[in-house]
Amino acid sequence: MNAPLLSVRGLAKHFPIKGGQVKAVDGVSFEVAAGETVALVGESGCGKSTTGRMLLRLTEPSAGTISFDGVDLLGLGRTDLRRRRRELQIVFQDPYSSLSPRNRVEDIIAEPLDVHGLCASREQRRDRVIELLRLVGLDAIHLRRHPFEFSGGQRQRIAIARALAPQPRLIVADEPVSALDVSVQAQVVNLMQDLQEKFGLAYVFISHDLAVVRHIAHRVAVMYLGRLVEMGSTETLFAAPHHPYTQALLSAAPVADPERRRTRIVLSGDVPSPANAPSGCHFHPRCPVAQAVCRESVPELRDMGNGHMAACHFGKPFPISV
Amino acid sequence: MIGYILRRLLEVIPTVLLVLTLVFFALRIMPGDPAIAALGEFATPDAIARFREKLGLNQPLYMQYFGFIAQSLTADFGTSMNNGAPIGDLLGQALPYTISLALAATSIGIVIGLPLGAMTAVHRDGKLDAFGRLFALIGFSLPDFYFGILLLLVFSLHLDWFPMLGGGKGFFDQLHHLVLPAITLGLVMAAFTMRLTRSSLLEVLKRDYVRTARGKGVAERWVIFKHALRNALIPVTTGMGIYLLTTLSGTITVELVFSRPGLGTLLIGGVSARDYTLVQAGLVVFAFFVVVVNLLTDLLCAAIDPRITLR
Amino acid sequence: MNVPINKLTMIGTGLSALLILLAAFSPWLAPLDPLDQSFIAANQGPTAEHWFGTDSFGRDVLSRVLFGGRISLAIGILAPVLSALAGVWAGMLAGYLGGWTDRVLSRASDLLMSFPTLLLGVMIAAALGPSFQSAVIAIAVALFPRFVRLSRSATQVVRREPFIDASIAAGRGHLSIMLHHVLPNIAGPLVVALSLWIATAIRLEAALSFLGLGAQPPTPSWGNMIRDGMSDLVGDPWPAAFAGAAITLAVLAFNMVGDALRDLLDPETAA
Amino acid sequence: GVSQRDIGSMDPAFGIGNGDEFPMRQIYSVLVGPKNGTSDLTFANLQGELAEKWEMAPDARSVTFYLRKGVQWHRGYGEVTSDDVAFTIARMRDPKTGTAYSSNFQEIVSVETPDRYTVKINLSKPNPFFYAFALMPRFGGYIQPRKAVEELGEKFRQNPVGSGPFAFSAYESKQKVILKAFEQYWEGKPRIDQLEVLFLPETAARTLAFVKGDVDMIEGATVPGWQASLKKQKPTTVFDAGRPGGTWALHFNMTRKPLDDIRVREAIARAIDQNAWVAAFGDFVTPTYGVSPVGYYGALDKADLPADWPLLYDPAKSKKLLAEAGFPNGLTIEVFITEREEYKTNLLIIQEQLRKVGIQINMRVVDHTSYHNDIRRDLNTMVVYGSGQPPLTQAVLNAFYKSSAIVGKPTRNMNFSHYGDLAGNSDSLLEQANQEIDDTKRIALLKQVQIEILRQIPAYPLPSAAGSWMHDGKTLEIGFPVKAYMGTFTLAKASRLAP
Amino acid sequence: MSLLEVTDLAVHLFTNRGVVRAVDGVSFSLDAGRSLGIVGESGCGKTMTALSLMRLIPEPPARIVSGSIRFDGEDVVTMSSPRLRALRGNQIGMIYQDPMTSLNPVFTVGEQIAEAVRLHRHDTRNAAWARAVEVLRLVGIPDPDRVASAYPHQLSGGMRQRVVIGMALACDPKLLVADEPTTALDVTIQAQILELLRRLQGELGTGIILITHDLGVIADLVDDVVVMYAGKLVEHAPVRRLFAAPRHPYTQGLLRSVPSLETREHRLLTIDGTVPPAHAMPNGCRFNPRCALVRDICHEQEPPLVDAGGGTQVACWALT
């Protein structure tokens, strides 16, 4: 792949709370090339959304740098930032709440166009919106409708159309399909892939559904309690995860086939809260291979060969048996 | 807990200071002057000047202000500008009447409004519901002073069941005097409580945990009174807390109609006589009430709902 | 929608509209000049000539009730609307921006909240003189903190919705977001509250008039008609009774509209 | 029941409103006063209270009072002596006291107390009516005990000590004053044991309480038809119309346009029909012809009016005058008025009458305190003013038409019309009348002054409303026919009738 | 005799916009110790079916308009309410879809579990509490003594879900109805819960009805599967058979849409179109607008459920 479109270094977000802080994201670094899909996976609350939001500066990072197309995003002033936002868009998890319920589809999709003054006339605006609607598989008859008149999958398409409107180069997709049914989910995933091919879009695809990720991502980054624990190409990661957490996660993901009951690694205990994360390696209290050292020192993200990175003191490849 | 209460009570101070500042300047912006009010229409300019001097009203405004704030902080309310009576005494006489009226009205509001609200919610859209909602609408529409006068006409003038004037002497007599004013305000409160309870309970009855309770085999009565009502009470408590303050304000007209002593009578009289000291002190007391009512509401909510922590 | 709500809605809306129309067209509808005094015909009960009787100045009560509606309804509608205009913005700013803006605005509205409404009225009337304007200001100021609270908390909810973030991401500025996204989405509960508080305001106008603070003679308002009528309630109960009935009717009507609107805006009951 | 919200003070130096007067009259005594139930201030007809005997020097420059012996102060403050009288006069006269009535005492140059029971008051110039200004009930004439005033200081206003038939017993702010019969009252202990004066500012509450019988006596309301209706509800009601009533007038601020034009003033005057008041209030009001109501010493009666009198009702003439003054289509005048019922009612009736000739009065209501404040700052265009003056035309003239009383000047400032500086000046003629010893001449002079003044129409005298009180004839007997205002006599002779 | 026998169940919702036939003629049965999965798209009537088993559907607007639900031979539909109450929480336990909202926020979880125990076993307060603690231990909650006196908001999602499961199990029910018991949970926690259910079934012989739209979970846990589409039962088959040889076009489409963990297709297969709105169902087969095999009769008549061999029953004209 070519030079990275997006490059994130040491990104962190610490939310102050009563009597301390939540280290929602704690030093995350990764890159996304143009036309590439990087998936961010991990359990609920591990900091995926926060990372995604920081990429657009919807949440201000506590530390780190974000460079987009060689420009330091965090150094931009308000107007420059707003202008830059044209190239960076976001699609949210929840198709029901990410569209303003009072607006009509036309206005929703045209919002980025209006804000950036991308349409000279009403006709041009309408034409562009219709074009976008067609692109996501909807029709001009939907222009004057309100979001509630659409199904979840259709709404997600509208959200995608809105994100596409200003012709961005990168879209952060924050769990765009997790609220959808399998059959609808497939439609949206296909659409995203088609668009990528057509426009050379890059995605940061946030999800905790491993099957979907497996399907759509070129590379995968696994997060646990605010930190990256493993990162590599999709093929390698799914075939031979190094980090015990990734291993457990993959094994626990249910497979829709009763013939192939897999040996599951059933972890004990709940995901701890990031407000009082365990010392050392955050995963150690639930880790089946934890040693004393895990409690004390934080494992670095190390290259395990082929550019596959994992953050485990003892990490070794673990082919998922079926 | 005690620490929390103390801390909340300490928070009164900035509020009261703000109220005081506002009132201080508001009063002085008003046209008219305590001297004319106190000395009457025959007062000569000379007498007025003397009077102002005695009360310190001729000092620069900021001097008056700081003197007044300093005095307030030592809880020294001073004497009435109008008639020289110690403000502490005036408030001491008036407060019990206002408090008892507000409490009685609230009790009536709860005793009638809560069960009625619960019943109408349970029998939603039935006859009882229609009746209850109508009651609430009408109760809410009657201007309280007019309603008060009608009560006076019927129950005091014609039937002579209740006295007409004043606040009464001694416990039972005071209670006797309290009935009509309390009903006047209480019925509005009941209407309000009923509406609030009804809508809150309807909301709660839709919740999943009510279904969970039914799914356990809990009898319907207990589903409502144990599982649902307690949850419904949280918004009701908050709403009634706010409404209690409105009721306190409503005591003003009711006190006038029933010629009852109380804070309202005192304050209205104070404003019309430009009795700065009296009005200032009265509003401090009122601000204190507001804080106490808010505090009680919060305490009550915390007692009802374990999710609410007192910090 | 089930029948009782439907009926109530229709009755309420119809009644509100009727009252407003009657008041608006009172100069054409009123049978007599509401200011015309006639001491020979004073303190009469309903007759063929004076359907609602006459007051102590011999003025026609029906005409006064009709004209009184202009003031009472004007205050009742104007004050909450003014208050909403200011309060909603303040509440949106507080709820949207949070932080210091929120703290200052919330404190200020709490402060106003801790003033007894009627006393506020008394003070404003003392400062500006009792009048239509004073009553509007007093009621508007009294309602202001409620609008602030309501719109603030509604805004806080809307602020967390992803579509706001989506709009920020699209590059919209904050004020524009408040206008384009927050306001339309909090409008529902606000409109409901507005209709309820119109009812409250009509009552407050009456209470202020009772204290002698509302619209001033000879202009009739329902509140001051009750007040004036009350001095001779036994001898000539008509002015107060009809004005009282008018208030009750108006409050009832607006309350019904409010109730219905609330049900209508609740997706569970409306659909 | 009185209409006041509260009592200001029970120190006579600071008593003000009508509500204060009633209890104060019961607590304190005057040296001499009008006969029970009357308002006749003629020297010869006075009735002694603390004074047994009194005489005026022929040159009207001094009055001597001989005190009744053995009259006691309440609460054991001893006997009433000439020293107390001298003390009272000194106290009232001293500007440092801050009383509103000190100007009434300025003519006194010295007070002699040759013995314990004799007081001689010397005046700076002849004034045969001096006593009527200074020493009558209601106007600071109550005698106060030196010992109590000095001992109690500030507390005296809340703990008054007098020598009247009822002694102060208790006071509840904004609620009531309780008075108890004074055992040692010089006329003997009153037959009523206890008096409660309730503050009932709400007319409705006051009326209902009276109808129900919770109170025996109330202050009336100035609402048309109210009295008739009360009589219907409670046939045993006795109306105690205090006559002559208060002085009411509509003062024209002659510094303001268009009221600087006498034609406009006359147009207004000619549009007002006093019979409207009579229609509304019945015989409780009486038309007024001069500056003072009929019944006042020196008042003008209808018969005294010249043929071309400009204040007579004549709407056609009124319209003509308006046209002449350049207002053929009428005009609008902005006026503010106090919230008080009696003021508003008067202006309402005037407003309605003026409307008929095309004069629109826009009224703005302000609260009572502001009203008093602002009219004295010359802010109003037309001032409706009513007050309980001593029933003497001189008093009214002094208060409203002397140039020294023009608003803004540091005296009593109730001359709202600026008469004296504008439209004419009658100060010297008035002074002449004030000092005239001969009765007939004095009355002639007074009438002459009034005609001279009113020809310029600085004010339009409004019908005089009788002091309006009522009591329940079934339960209360005052003891004599009441023809005077309630605050001018005591209830020493009153008795409760068996219900 | 089966533990549960649902025959021709129809639940309709009477709303302002018209009647929603949320469940329309569904039949299935379950034997003790067996488990049945119900799958289908969101809104197809799974929850309504589950709730009607205990007559917990929201009335109004919902009403069971026909059919019978025989539990142990007794018909739940016509049962008296005291009898129904004796059944609820005792013989039939229910795990609700959303653990966050199914627990009453103002009572401790111990109280909420003990309530059912006291109601049905007439235990003393202490005995019921002891049972609550025991149940919490059973569902794998560490330190159950402490957790029993905690309020719901003090627990994590996974713990709350376990509390809900514990509540359903407190009286050792013969039938456990689990409505999407793991949708709200992370996969690693989900694995724990599924493990737990499997264990319980083995140990206590409880019959389980598991509702989910996660085919992975179905494949993992149940013996038989019912597929629903728009209120209709379209296919009923043993689990292996269903995955191996789905018969109904909808079932086939559904299975095809699931992305695989192992392989990576270029495109996912989808079912065209969307579920029609609830109050505007097409005539005949409800799937007809989206079906590739549609014929005339599909627009006219509802297909009956017929045996398709291998234990599979299917409702499709194309297959008859």
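When the chains are written out, they are named A, B, C, D and E in that same order, and each has its own residue count from 1.
FYI, a residue touches a chain if its C-beta (ideal position, glycine included) is under 8 Å from a C-beta of that chain, and two chains touch if they have at least 3 such contacts.
Here the structure is a predicted model, which is why all the values come from computation and not from measurement.
Participant: Moving only from a chain to one it touches, give the least number of moves from chain A to chain B.
Facilitator: Between chain A and chain B, the shortest chain-hopping route counts 2.
Participant: Check C-D against A-C and say which one is joined by more contacting C-beta pairs.
Facilitator: Between C-D and A-C, the larger count of C-beta pairs in contact belongs to C-D.
Participant: Report the chain whose mean Cα position is at the greatest distance from that of chain E.
Facilitator: Checked the centroid distances; the maximum from chain E is D.
Participant: So, what's the distance in Å between the C-alpha centres of chain C and chain A?
Facilitator: 50
Participant: Please compute the C-alpha centroid of chain B, do the same for chain C, then give the distance between them in whole Å.
Facilitator: Computed from C-alpha means, the inter-chain centre distance equals 21 Å.
Participant: Could you work out how far the Cα centre of chain A sits from that of chain E, in whole Å?
Facilitator: The answer is 31 Å.
Participant: So what's the Cα centroid distance for chain B and chain E, whole Å?
Facilitator: 52
Participant: Among the residues of chain E, which are close enough to touch at least two other chains?
Facilitator: There are none in chain E.
Participant: Indicate the residues of chain D shared as contacts by at least two other chains.
Facilitator: Residues 202, 204, 208, 211, 366-367, 369-370.
Participant: Please set out, as single numbers or ranges, the residues of chain A touching at least two other chains.
Facilitator: none
Participant: Residue numbers of chain C touching chain B in their complex, please.
Facilitator: 2, 4, 8, 107, 110-111, 113-119, 122-123, 126-127, 199, 203, 206-207, 210-211, 223, 226, 230, 233-234, 240, 244, 247-252, 255-256, 259, 262, 268
Participant: Please name which positions on chain B make contact with chain D in the complex.
Facilitator: 30-33, 36-47, 50-51, 54, 82-85, 89-90, 93-94, 149, 152-153, 156-157, 160, 163-167, 256-259, 261, 265-266, 268-269, 272-274
Participant: Can you tell me which positions in chain E touch chain B when the two form their complex?
Facilitator: 51, 54, 56, 58, 81, 85-90, 94, 96-98, 101-108, 112, 115-116, 119-120, 151, 153, 164, 167
Participant: Contact residues on chain B for chain E in the complex?
Facilitator: 206-209, 211-220, 227, 230-231, 304-307
Participant: Would you pull the chain C residues touching chain D in the complex into a rising list?
Facilitator: Listed in rising order, the residues of chain C that touch chain D are 35-37, 39-40, 42-43, 56-58, 125-126, 129-131, 212, 216-218, 228, 230-236.
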